[in-house]
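Shared chain: chain A. Partners: chain B in the first complex, chain C in the second.
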Partner chain A sequence: MVTILSKSDKLVFYAFIPLVVSVLGLFIVMSLFITYQSAPSLIRFGVDLLSSTVWRPADDPELEKYGLLAPVVGSLYVSVLATLITFPLSVTLTFTITEILHKRLRDFLRSIVEIMGGLPTVVYGLWGSTVLAPYLRDFIMQPLYDHLGFIPIFSCKPVSGYSILTASLVLAIASTPYVTALLIEGYNMIPVKYKEGIICLGATKYETFKLLYGLLKPYVIASLLLSLSRALGETTIVALTVGNAMKLTLCLFDSTHTIPSLIASQFESARLYTYAMPTLFAGGLLLLLISLGASYVGIKKMYDWRSKIHV
Partner chain B sequence: MSNSTRAINKILVLLIIALVASAISVLIYLQALNLLQTGTTATSPTTTPSWGSVTISGAGASFLAPQMIEWSRILAETKGLRVEYQSVGSGAGRDMFFNKVVHFAGSDPPLSRKLYEQYSGKVLQLPVVVGSVAITYNIPEIPDNKSICLSSHVIALIYKGDITYWDDERILNLNPDLREVLPHKEIVAVHRSDSSGTTAVFTTYLNKASPEIWVSELVGFSIDWPVDATGRGVGGKGNEGVTQVVKTTPYSIGYVELSYAVTQRLRVAAVRNSEGVCVKPTSQTVLNAVRSSATRLPQSPLDDWSDVLLQMLNPPGEDSYPIVSFSYIFVYKAYPDKVVVEALREFIRWINTEGQEHMVPGYLPIPEEVRSINLKALDLLSVGES
Partner chain C sequence: MSRRQALRKYKSYLMQLLMIFISITAVTPLFSIFYTAVSRGGRTLLEAGLSFITDLPPTPLSTRVGGIAPALVGSFLATLLAIVISVPVAFFIAFLVTEFPNTIFSKSSEVFIRSFSGIPSIIVSMFVYSAVVVRMGTQSLLAGSIALSIVTLPYAYVYLTSALRSVPETIREAAMSLGMNRLKALRYVYVGVSRRYILTGILVSYVRAFGDTAPLLFTIGFLMNSVFAGLLQPSNALPILIFVYALSPYEIFHKVAWGATLLLIIIYLVLFLVSRSLLRGVKL
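What follows is the complex of A and B.
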């Protein structure tokens, strides 16, 4: 833990401490602030906040009632589904880019992926809500509902196209470049001698990838967890495509809320009521805890893997 | 490393942390003080000789924003008076106003009775713009030269989920000439999914005109829509969201601000008013409605305006469109800074006189009666502790 520092190194280290401490301090202050702001709602509604689904603001604070079950379930549902869709997309992309393509094409595809990753999310959101939503409704959701309506997740009538399915799909497309970039980086970190050894044994490209991918597995899981925690917090895409209805549902074609979309939708007039704003902050607090958990596991896995692969 | 140096290091680190923490808090404190004192002054004093460096700042309802921006542009060009308006929503705007971050707030609803009692005598409420809610629909069978007529009763039943089909007898009775045209299709009811003053006006109207169907629990900025439970209700975010859903969903119905319906050229339904006449929302019918209710308005900006929305909706008059409302600005009765008071006086005087001739398309000016009530604010404003 303690490395021996020279005198000048020590000086630099002490000079940097304030910056390091203020970043850490900011994080702590922010968490405390969110907790403090959500306290009135946590005290007033307690467990109801997590076990019920209502959004009933009223001028009289006695009549106000809020429950965040739907947005919590919605957040988890949408981001897990999005991550599940991202997974095959980014693994195939990684294979194609690292093993199949020639150098020039590979660079081209890589830069396309990088550009896609750099696009503002609102672009994805707008495309999803104006193009993808009506298309999905007419050509995917309606047929699925007509023929497979007996399956619970297909059992609700698709009305507008703004649904869990649309939001997950757009979110998946938007996070694929991020996961792909992580995977390519991880793939390139595998020491060349492994690859050389495999090729010497006469493996095809696919077999090489399969073997190396086996090595990469913990890293893939870590990347997906990081992408999950990003998806949990994504606001613009979801608010534009998920339909923003305060409804607890597991049907893919239904609208629902996620915590960020709830905050985006209700923020404007939340201050008019006594408990609406604290409840939104409570939602933020929940989101913070969930994504902290996911990121922690993801980062830990990634570090474990990195230390293993280099030994 | 020896134990003693480690201990010294530990003390050093702790000391530095303590120092940094206190330095940061002092900085933040100074910054806050600084903001409070200089936040009200503009950066460039060159533009306005008459108002010095003063900028009056406001925040609030997004509905008011386009009109406020237009007004402040003209004010800056002609009078050199700088007005800034942040479109953050009625609730957040009020919050900033009551915390004295901004000089005035824009709000769709007036102060509730409880808040009015709390701030009575300190806050002036001025209605500055007339708003109106239009009902838009997507029924391809209806030709462009005809429009559907709906009553509060029918609209309430649609949004409750009780009227399911467009060829329901209760809709046909209102539209005898569309009897052959209206299809046997399910109605999709579109509403705002975010909280909004438009929803508040719309639901208050339904409650006032058909209280037996639309109970008072269903009134507010964002409500639990009964039609959603039937699977035929859809939420759209903002006026744009509602429009988007209505445009892409055949046999749907929605409600948007009239200014939005006008600029986007949406198909707009006529609504049956209190005299039983089907009226489409136009600047004339909306102004008629405000005029017919103007006789019962409070006579001073210091009065309680909390019931005004309820009074204005569904007013008498054959040519009155029934879903109308005001949007307000709130100002304090007294400000410590003399220049700010003068600037606010000029701002209020101007928007209630010449400003009313510079309306953005779709926004409607307030009638003469209301302007004269607002102008009383000029004498009420004073220098002092707010």
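What follows is the complex of A and C.
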């Protein structure tokens, strides 16, 4: 498509360029700023930041020592697990809404998913910490620990219910509507002729689902990457449910920290120490890189798929 | 019907049932959330009555629940200000991207601004803390709004782009054939045609910002002793109040947190329904 621009249109276009440049500039300034703020910690601790789990603030800057290994592992663990739980939930929701249900029920379910998608995260967090955490501890974690305690991921005694499992589950519940909305959008982009073709061959509904899912697959992966990027940065839900303990652990029932929950809980006191604040900024920088990376790849994949499916 | 066909049919039914079952499981948390909020928050609201929205918050040793007026006022104001900052910016970028789609600027801003939503909001909070709060010497309503506006920018952009894209091609051509340039067409034609979409977009961005916690964590402050202290003074926000009180060990704070949660859910649902009914009238 060739866009023909008149002289006045060109003028309009050039008039808006400063606006776009300043918004892009804001993004660059923000990244540079975070890097600048974290520099003292990066210079002083270097690789140690990623290999130790010590969190030792001290009045004497010489004695201070910080490591981010636990929250980095915690962040990845919690958000990958949450995304894995989100995956089957959102794929089935997508097909239930678009194919299986009749109009009334479909609209109803769709509205519910929409309401869930916009519900403030702090509500999920509060619900997770007061309702889900004790329930999971008594009915899921304790029995699993009693009977399957020899498996490493079940091997720690659930104490408070605030754990990696709880955080991932609440996070998964909160991000399912988001992924579902993306998937429905993608599903509706598949040209009708593919579906017609499949049905003409006499496929049952389930077989139609399987074939269409095959078409949708790259889009599903892209959506999950976007969801992962959001889960990595999610603060409120995780800070309320993960237990906030500086602990490197792979056990599902243990509490840990993620980078955002560490920042949320330590930021106030970090002002008092020389290197604590830069270390938190270093954590933020790392988080920014990982989650921007995931979101960039996700969006790129999504665009590629769109241009391929529209033949 | 051959046996194989019957088998395929049964399998299909079975899988559909399974999918419906999983879907129901996926949305049950919402009902549990509503139930808990109404049963726990309702008790708080009944106990405090109307004063819950006009009073100051309790201290840990209070016997009365008090109210959440500072948080309510702060939330409404901070969100409003954030929208006033971010919506115009998002709108004009959306205009640029939809009207001049084939330029390098449009393409890169599309990808860039969509990636913006990949920036964790807590990092925006840290950025605004060190760029604004430290310089001003105090946390403030304004700093909170700035943080919120950065976070809402990509959302507003997405909604407003789809609003502008909803203008039918025929109307576009008609506007062009009258000899309008694109800015005039936007002003006299597109905005009128897609006004409900645009309004919905603004409202949805408002709702998003209203419930957001992380951007406000280090920026807006935690005002307790007065309802409103000024634009450049610390304020409070509903989600922040819930977050901080939920993490605190005091029973009375948990009570207030649930009351505030019920109120937050009610406000959210009302705004949601309004934006829904706005969209219902749209048929192009």
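The rule is simple: the second predicted complex is superposed on the first by the 306 of 311 C-alpha atoms of A that agree within 3 Å, B and C clash if a C-alpha of one lies under 4 Å from a C-alpha of the other, contacts with A are read in each partner's own complex, and residues count from 1 in each chain.
Simple rule for what comes next: contacts are C-beta pairs under 8 Å (C-beta built on N, C-alpha and C of every residue); 3 or more make two chains touch, one makes a residue touch a chain.
Everything numeric in this text was worked out from a predicted model, so none of it was measured.
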| item | value |
| --- | --- |
| First (chain B), second (chain C), both or neither touched by A:162 | first |
| Larger contact residue set on chain A - chain B or chain C | C |
| Touching partner for A:211 - first (chain B), second (chain C), both, neither | neither |
| Partner chain(s) touched by A:121 [first = chain B, second = chain C, both, neither] | second |
| First, second, both or neither for A:264, with chain B first and chain C second | both |
| Partner chain(s) touched by A:55 [first = chain B, second = chain C, both, neither] | first |
| Touching partner for A:130 - first (chain B), second (chain C), both, neither | both |
| Contacts of A:243 with chain B and chain C, given as first, second, both or neither | first |
| Which of chain B and chain C A:17 touches, first, second, both or neither | both |
| Contact residues common to both interfaces of chain A (with chain B and with chain C) | 2, 17, 129-130, 239-240, 264, 267 |
| Complex contacts: residues of chain A adjacent to chain C | 1-3, 5-6, 8-9, 12-13, 16-17, 19-20, 23-24, 26-27, 30, 33-34, 37, 88-90, 92-93, 95-97, 100-101, 109, 111-116, 118-127, 129-132, 173, 176, 204-207, 209, 226, 229-230, 232-236, 239-240, 260, 263-264, 267, 280-281, 284, 287-288, 291-292, 294-296, 299-300, 303 |
| Complex contact set, residues of chain B against chain A | 1, 6, 12-13, 16-17, 20-21, 24, 62, 88-92, 94-95, 109, 112, 114, 188, 190, 193-197, 217, 220-224, 228, 231-237, 244-245, 248-249 |
| Chain A residues within the chain B interface of the complex | 2, 4, 14, 17-18, 21-22, 25, 54-59, 129-130, 133-134, 156-157, 159-162, 239-240, 243-247, 255, 264-273, 276 |
| Sites on chain C touched by chain A in the complex | 8-9, 11-12, 15-16, 18-20, 22-23, 25-27, 29-30, 32-33, 36-37, 89, 92-93, 95-96, 100-103, 105, 108-109, 111-124, 126-127, 129-131, 150, 153, 181-183, 204, 207-208, 210-214, 217-218, 239, 242-243, 246-247, 254, 257-258, 261, 264-265, 268-269, 272, 276 |
